[in-house]
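The data blocks that follow each hold one structure.
Two complexes are shown next, each including chain A; its partner changes from chain B in the first to chain C in the second.
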Partner chain A sequence: MVVSERRLSLPNNPITGIVLAIPGYFAGVWLGTLFGLDDDQNTGIILGYLFATAAFLIGIGFLNYPLERLFGWQVTPVTDPAENTGIGRFFRLSLDHKVIGIQYLVTILIMLLFGGIGAMLIRTSLLVPDSTITPPGNYISLIGLHAVMMIFITSAVIVGPFGNYLVPLMIGARRMAFPRLEALSFWVVPPAAVILAAATFWGGFPTGWTGYPPLSVQAGQGMDSYIVGFALIAVALVTSGINMLATIIGLRAPGMTWTRLPMFVWGIFTTSILGLLAAPVLAAALIMLAMDRTVNTSFFLASNGGSNYLWENLFWFFGHPEVYIFILPAFGIIMEIVPHFARKPLWGYRTGVVGLFGVALLSWFVWQHHLFVSGIAPVLRPFYMLSTELISIPTGIIFLVVLGTLWRARVWFTVPMLFCMGFLFNFLIGGISGVYLSDVPTDVTLHGSYFSMAHFHYTIMGGEIFALMAAAYYWLPKMTGKMLSPTIGRIHFWWMFIAFNSTFFPLFIVGLLNMPRRVAAYNPDLVGLNRWVTISAYFLFGSMLVFAGNLIYSWFFVARPAVANPWHARSLEWQVPTPVPAANFDRVPVIVAGPYEYGIPNARPVADLGGIVGATGGG
Partner chain B sequence: MGAFRIDEADRPHLVRLLVIWIVLSAIGVLAVLQIHYPPYDQTVQGQDQSRTLALLTALATPVFIAVVMMVLYSAVFFRRTTPELVDGPPMLGNTPVQIAWVAISAIVVLFLAVVGIATLASSNVAHAVGQPGRAIGQAGGQTGSGTPGGAGSEMQVQVIAQQWYFTYRYADYGGVETTHLYLPVDRPVELHITSIDIIHSFWAYQLGVKADANPGVDNIFHVTPQKTGSFQVRCAELCGLWHGNMADSEGQVVSQSAFDIWIAQQQKDFEVISKAVPSYAPYYFPEPLIKGG
Partner chain C sequence: MAVRTRAYEADAAAAAALDTRLAGIGTWLFLAADLFFFVAWWFAFFYLRALNNHQDWKAQGIGPPSKGYGAIVLVLALATAITYFLGSRQATMAFLFRLLTPVALVLGIATCLFQGYEMWHLGFGLTEGGYPSVFSGLSGAWVIQFALATAWLASIVTQTGPAGDTIVRRQPAASFAWILLYLAAIGLVNYFLLYVVA
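And then the complex of A and B:
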C-alpha cells in the first residue's frame, strides 16, 4: 500500500475562496457557452454561479476533511475548537457552534443593511405617484432585490445566529450533531447574498420574490441570480434543519427531558421540521424553472403544453410553510423570554408546545389561499379558507400562554421584555389582518394589494424582527460578553415601535383604497398617505441605526463586560460562564429541573454542572 | 378539575378587565360599523364584499381590544414594584381556562368559516369567484368551467390581458374588441379573463372584481353592476416593466340605451380591423409558439 504523500497547503479563508471562485465562475460560463442550447447565456451564468460557489467552499476548506478521509492526503487541518481563538477564527471554517453563531449574526446584519437600503429606495420612489424618481425597470428590480434579500435574511435570522449559538448551550451539549453541516449551512449564505446582488449587473429580475413564470422564463439574465441564490438558501434550510433536529433529539444532556426543553428550543425544533421538508420542494421547482430558461423545457409555459399553475402550487407549497419558518422561532423566543422577566413559570408549558406543533402541522394545508383569485377550482376554496382560519387557534394558544404567564406576575421591564410586548401588539394586528385575507369574498378585493403587503410586514417585521430584537438584547450579553446599553435600548424600542406602526398601519388603508403592490405609478389620490408612510419609513430606518449605534457604542466604547447571568434567569445557558468556554461545559451537565420554575418553593437549580464522571449525552 | 373556580386574588382584576372590555368593545364595534368599506356598492358582488369586511372588522375589534387590554393591563398592574427581584406566584396553567380559550377561538373561527362559505355559496359571490358558468364553446382552464353554454341572460365579455394593457371582446356582439370596458347596468355579466403572454390580474376595484389572467386559461368571474358610474381597472399581478402603468380609469357602467349606442359605434370601428384579429375563442396563443409565451 502506498499512502499518498500529496499535501495541499492552501490557506483556507474567504480570500482563497474568492480567488478560486472567480475562475470557477468563468469556467462555468465557458462550459455553458460551449454546450448551452440558449443564445442568451443563461446556462453559462447558472453554471458559473454554481461553480463559483463550489470553488468558494473548497477555498474555505470544505474538501479538506473528505479528501483526508478518502485518499489519506495531508491537507490543512481544520483546527480544534479549543485552539481556535482570536479574531481570525471568525474568518475561517470553524466547527464551533458559537463561532458559527457570531459569523451568522454579522453576515445577516450586513445583509439586513442592504435589504433596508432597498426598502428606503422603494419608499423614496413612492414619494411621487409616477415613475419620475425611479424608472419602472429600476423600481421592479429594487422590489425584487429587497424582497428576496429579506426572505434570505428572515429564513435564517433567528435560527442562524441564535439557534446555532444557543441550542447546544440550552440542551447541555458541547456541539451540534453535525458540525460540518452546520458550517455549510452558514457558508452558503454569503455566496447566496453575493449572487443575488449580482443580479444588478444584469438589470435585476422583474418578478418579485414569487418568481411567477412565464414572466420569470421571459426575464433577462438577472433571473438566474434568483434561481441559484434561492437554491443555496434551500440548501441552508435543509442542512440546518436536519442538524437541529438531530442535535435536539440526540444530544440532550441527561435529565433534559422533553418537558424540560426550553421553549426557544421547541421553536427551533418545529421550524427545523418545516425547513427540512419544505425547502426541497423549492429546490425542485427552481430546477424546473432553470430548465425552462436554459434547455427549453416547458414545465410552466402554457403555449407549449405546460402550466403556470404548476409553479404557483409548488412555490406556495414551499412558500407558506416558509413564512412559518420565520415565525415559529419568534414564538419560541417570546415564550422563552417572558417567563424569565415575569418571574413566573410558563403558564401552560405543554399547551404552548401543542400550539407550536399545531401551527407547524396546519401550515402544510393552507397554501392555496395564495391562489384564491388565480382561477383554481372553486370547490377547493372553502377547504383552504377553513384551514387558514384554523391556524388562528394554535396561534391563539401561544398568545394565551404568554398572557397567562404575565397574569399577576412581577414583571421586570427590561428592553427584551419591551420588545416581547411590542411583538404581541404587532403580531396581533398581523394575525387579524390574515383572517381578512383568508376569507374568499374579501380576498377578492384585498389580494395583491397593499393590504396583503401590510399584513406580511406586520407578521414578519412586526413579529419576527421584534422577536429578533428581544433575542438580541437578551442573549447578546452572553454571546459577546458585553452588555448593551439599556437606555439606548429603550429609545430604540419606542422609536422602532412607533415608526413601525406609523409606516405599516396606513398601508392597510392604502391597500383598501385600490393600490396594488409592486407598482411605481399609483393613483395620485393616494399621494398624501404614501408620503406619510415614506417619512415614517425613514424614521424606521433611523431606529435600526439606533440599534447599530447601540451595538457599536456598547461593544467598542463602553465595553461593559457582561456578568454570567445578568438577568438572574434559571435556564441552562445562563449558568455557564461568560465568555462561554470553548467546550461549553466542563462536564456534561445533569439536568434536574425545568427552566421556568420561578416562585416554586424549594425549586432546585436547573442543572448539576459538576456532572457525573463518564456521563454521556442523550436523554 | 371540577367547577370553574375563580381564585380570590384574581377576582378584582377580572372584574375590572371585563368592565373595561365590554365598554371599549361596544364603543369599538359601533365605531367600526360607521366606516364605509370598499369596494362599496357599484355591483352586487362588491356590496357583498363590503358587508363581509364590515362583519370581519366588527368581530375583530373585541378580540383586538381584549388582547391589547391584557398586555397593557399586565404592563401597568403586574409590574414589579420592589427594587429587588421577586418571583411571582407559581401558576403552572389552568386546564379549564385553556379549554375555554381554545373553545372560544374555535367557535369564532368556525363561525367565520361558515359565514364565509355561506357567502361563497350564495349565488352572487359564488359566481363572483368563478363558479362553473356558461362557457364559450369548450372547456375552460382551472376554473372548471366545462359546462356547455346554455341559455342565460348573462352578457359574456372577454378580458384579454397582455403586456401592458387590457382589451375586451363582447361575445354577444360579434366578438367586437374594445379598449375600454363598458357594462350596462343591472345586467349580469360573465367575465372571461385570459392572457396572451404572462400572468396578469384583472382588478376592477369599484366592481369588486379581481381575477388572474393566465395564458391558456379561461378564468370566469360573474358580476352584476347595480349603479352607473365610472370604475378603475388595474393589473394586480406583477407583469414586468410597465406593470404599474397597466391601468385604465375609463371603465363605465352605463344605462342599457347608452350601452347600445356605444357598442354600435365600437362595432363600426371594429369592422376595419376585424380581419386582422383572430376569431373569438376561449383563449389565444401568439403565433408562432415561442419560448416566453
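And then the complex of A and C:
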C-alpha cells in the first residue's frame, strides 16, 4: 500500500491514554450537563466514562489504523520488531498474541487481588451476626463490587491469558486472525475494572451483579459504573469471540483436522461461541437500562408501560450462558492436561467434544431457572426444570471422558495434575448441588439462601479457578520460561484445596439452615459456623498469597529456566522452543498425528516441524 | 500424504486468499453476534407490547411517526446497501467499483441524516411509555450502527483511489457488502415492527 509521508507522532502508550482519558471524562460530564437532562448527573457520568475509555484507547493507539485507512497517513507501526523485545512491549498496544496473553495474565491477577480483598471484607463483616461491622447499605455495595469484579475476571481469566497465548501455538498458526480485535479485547478490560472501582466514589450500587430494576433504575450514580463497565466486558467477549473463532476455523496448520484439535482449543471454541452470541444481548439490556436512567424512558418501569421482567429475561438469557463461558475453558483444560499425565490417549475424544457442545447448546434453554421464584408463569417451570437437569448429561459425559482416561493409568502426579483432581472433586459437589437448584421444589426454599451461593462458588472457584491453577502450573513454564517450584506448588494445592472446602462446604449447611444471602445480619445461632467459614476464608486468601509467592520466588529469586518440553508432552505447543520465537514456528508445521497418542506403538510425532518451506502464514 | 495447505502458501496470492477467507469468516461471525443484539430489542418490543402495563404501551395520542418518512429512511438504507453490493461484486469492473462506492457513501450519509432528523421530531416524548422507549432505543441503536458502517464505507472510498489498496483486496471489500445488506435488512424488520405492527 502506498501511503503519504505524513506521520501521526503521538507517543502511543498507557500514559498518553490516561492523559487523554481525564479530559475525556470531563468532556463527557460537560456534554451531559449541556443537554440539561434532569437526572442525577447520570447522563454526564455515563458519557464521561465512555469518552474516557475512547480517549484511553486512542492514546494506546487504536485510532492509528482507522486513520491510516481513511486518509492514508503513515502512523507509528505497532509491531515494530525492534521495539518489540524489551519489557516495554507489555505496556504498549501489541499485536503479538503472546504479549497480549501476558498482559491479560498480569492485569487479571491484579484484579483478582481486589476481588479477593472484597471477599475478605464480606467475611469479616459476617464475624458478628448483626450489622455492626458493616452497615447494611455498605454491605450490599461490597457484595456488588466483589461480585461484578469477579464476573469480569472469570469471564476472561482463562481465555484471556491462556487462550490468547496458546491457541495459535496449539493449532500451528503464526498469528491470530484479527490481532487488532484481540488487542482491543484486552485493552477494554483495564478501563472496565477502573470504572467499576470508581463506583466506590459514588457509594457503590445496591443490586449485586444482576442489576435488577426498578432498584437499578433508581439507584445512585454508582450504578453507572456497573452499566459502562459491564458493557466494556461485553465488547471484550464479542471481539475475543470473533478473533478466536476465526483463528480456529481459518488458521489451523495443514493436517490440523478437526479431530486432531486439542481439547483446550475445543473449550475455547465453544466458550467463544457463547460469548459471541450472549454478550450482545447483555449490551442491548444495558443500553435500555442506561436509557431508563438518563433520558427517562421506561423499558423496566411497570408504572409507565415497561416491565422489570424484561430485564430479568434479557439479563439471564445472557447470564446463564455467561456461567458456561466460565466453565467450558476449564473443562477444556482438564481434558487437555489429564491425558498428558495419565500417559494414555484421551478416552472418548469425540464424546468429550460432543459434551462441550451439548453444554454450550443447552445453555440457551435454561435461563428461566433463575426466575422460579420471581413470578414466572407456573406452566413454564417444568420445561426449564427439565432443560436444566438435562445439562448434567453432557457434563457427566465430560467427567466420564476424564475418568475413562484415568482408568488403569499410571498417573504422574505433578502439581497441574493435583489441581485437575481437585477440580474433579469440587466440581462434582458444585454440579450435584446445582441439580437441587434446578428442581423447582428445592429451589423455592434454597434459592435465596447461602446454599445457592455455596453452589456457584463450588463451580466457579472450585471449578474454574482450580482449572486455572492447573493451567498456570502446566503452561506458565512455556509462557515465562521459568518453572514454578513444585514444592511450593504442592503446599499451595493442599492448602488451597482444604481451605476452599472448609470455607464453602459449611455454607451449604448454613444455607439449609436458612441463612439468607446478600444480608449483613443473620440468626445468632449460626455465628459458630460463620466464624469457622470466615477463618477458613482467610486461609483461602492465604493460599492465593502462596501462589503469588511461588510466582515471585520462581521468576525473580530461584529462577529455574524451563526446558522446551518439561512434561514430555506430545502436543504441539511443547514442540516449539522456550522462549517461543517471535513468529512461533520457523516453518509452518505439518500435523501428522493427534496430540494424545501416548503408549501407542509406532505412534508418529505430532507434527513435521520442517514444514512447508517459505510458508508465509499469511503474516 | 494429502494434507490441506490452504492456510499457508508461499506466494502473495495465497496470502491474499487467506485474508479474504478470514475477512469472510469474521464478517459472518460479527453478523451472528449483531443479530442477537437486535433480537434482544425485538424481544423487548413484543414483550412490552403484549404486556401493555397500565395500558401504557401506547398512551393516549401516541402513535408511530410518519410512515412515509420512515419509508424514505428505509429506501435510502436499502439503496446504500444494494449500490455497494453491485459495485463490489467480483464481476464488476474496477471503474464501476470506483463509481458506485462514492454513490453508496452519499446514500449512506443521507440515510443517517434523515433518520437523525426524524428522531428529533418524533411527535412524542421518550418518557411517554413503552412504545416511545422501544422506538427511540431500537432506531437509535440501528442508526448508530449504520453511521459506523458508513464511516467504514468512507475508508473504502478513500482507498479506491490509485494510492489505495482496495482494488487489490477486492474480496475483503466485497464481504463488507454483507454488513450493509444485513443492516438494511434489519432496518426492514424494524420498519415493519415500529411502523406497521406498532
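Operating definition for what follows: the second predicted complex is superposed on the first by the 601 of 619 C-alpha atoms of A that agree within 3 Å, B and C clash if a C-alpha of one lies under 4 Å from a C-alpha of the other, contacts with A are read in each partner's own complex, and residues count from 1 in each chain.
Throughout what follows, contacts are C-beta pairs under 8 Å (C-beta built on N, C-alpha and C of every residue); 3 or more make two chains touch, one makes a residue touch a chain.
This structure is a prediction, so every number in the text was calculated from the model and none was measured.
Asker: Clash or fit: what happens to chain B and chain C when chain A is overlaid?
Answerer: fit
Asker: If we overlay the two complexes on their shared chain A, which of chain B and chain C does A:127 touch? Say first, second, both or neither.
Answerer: Neither partner.
Asker: Could you say whether A:304 touches chain B, chain C, both of them, or neither, answering first, second, both or neither?
Answerer: Both partners, chain B and chain C.
Asker: Quick one: the Cα-centre angle at chain A between chain B and chain C, nearest 10 degrees, please.
Answerer: 100
Asker: Of chain B and chain C, which one touches more of chain A's residues?
Answerer: The partner making contact with more of chain A's residues is B.
Asker: Could you say whether A:279 touches chain B, chain C, both of them, or neither, answering first, second, both or neither?
Answerer: A:279 sits against chain C, while chain B stays out of touch.
Asker: Considering only touches as defined above, state whether A:242 meets chain B (first), chain C (second), both or neither.
Answerer: second
Asker: Quick one: classify A:516 as touching chain B (first), chain C (second), both or neither.
Answerer: Once the two structures are laid over each other on A, A:516 reaches chain B alone.
Asker: One more residue to check, A:69. First (chain B), second (chain C), both or neither?
Answerer: second
Asker: Looking at A:564 after the superposition, I want to know if it touches chain B, chain C, both of them or none. Which is it: first, second, both, neither?
Answerer: A:564: touches no partner chain.
Asker: Have a look at where A:215 lands relative to chain B and chain C in the superposition and call it first, second, both or neither.
Answerer: first
Asker: Of the two partner chains, chain B (first) and chain C (second), which one does A:527 touch, if any: first, second, both, or neither?
Answerer: neither
Asker: With both complexes overlaid on chain A, what's the closest CA-to-CA approach of chain B to chain C, in Å?
Answerer: 8
Asker: Once the two structures are superposed, pull the chain A residues common to the chain B and chain C interfaces.
Answerer: Touching chain B and chain C on chain A: residues 296, 298, 302-304, 307, 309.
Asker: Looking at the complex, which residues from chain A come into contact with chain B?
Answerer: The touching residues are 131, 136-137, 139-140, 206-208, 210, 212-215, 217-219, 296, 298, 301-304, 307-309, 342-345, 347-351, 372-379, 381-382, 385-386, 389-390, 392-393, 396-397, 399-400, 403-404, 406-413, 421, 424-425, 428-429, 432, 435-436, 439-442, 444-445, 447-449, 512-514, 516-523, 568, 597-601.
Asker: Which residues of chain C touch chain A once you look at their complex with the stated criterion?
Answerer: Counting only chain C, the residues touching chain A are 1, 3-10, 14-15, 18-19, 21-22, 25-26, 29-30, 32-34, 36-41, 43-44, 47-48, 51-54, 56-57, 59, 126-127, 129-134, 136-137, 141, 154-155, 158-159, 163-165.
Asker: State the interface residues of chain B toward chain A in the complex, per the touch definition above.
Answerer: On the chain B side, the touching residues are 9-10, 13, 37-39, 45-46, 48-49, 52-53, 56, 60, 63-64, 67-68, 70-71, 74-75, 78-80, 82, 85-94, 97-98, 101-102, 105-106, 109, 112-113, 116-117, 119-120, 125-126, 128-132, 141-144, 193, 197-199, 201, 203, 205, 208-212, 214-217, 219, 232, 234-245, 247, 285-286, 289-293.
Asker: Can you list the chain A residues touching chain C in their complex?
Answerer: 1-4, 66, 69-72, 173, 177-178, 238, 241-242, 245-246, 249-255, 276-281, 283-285, 287-288, 291-292, 295-299, 302-307, 309-310, 313-314, 317, 588, 590-592, 612-619
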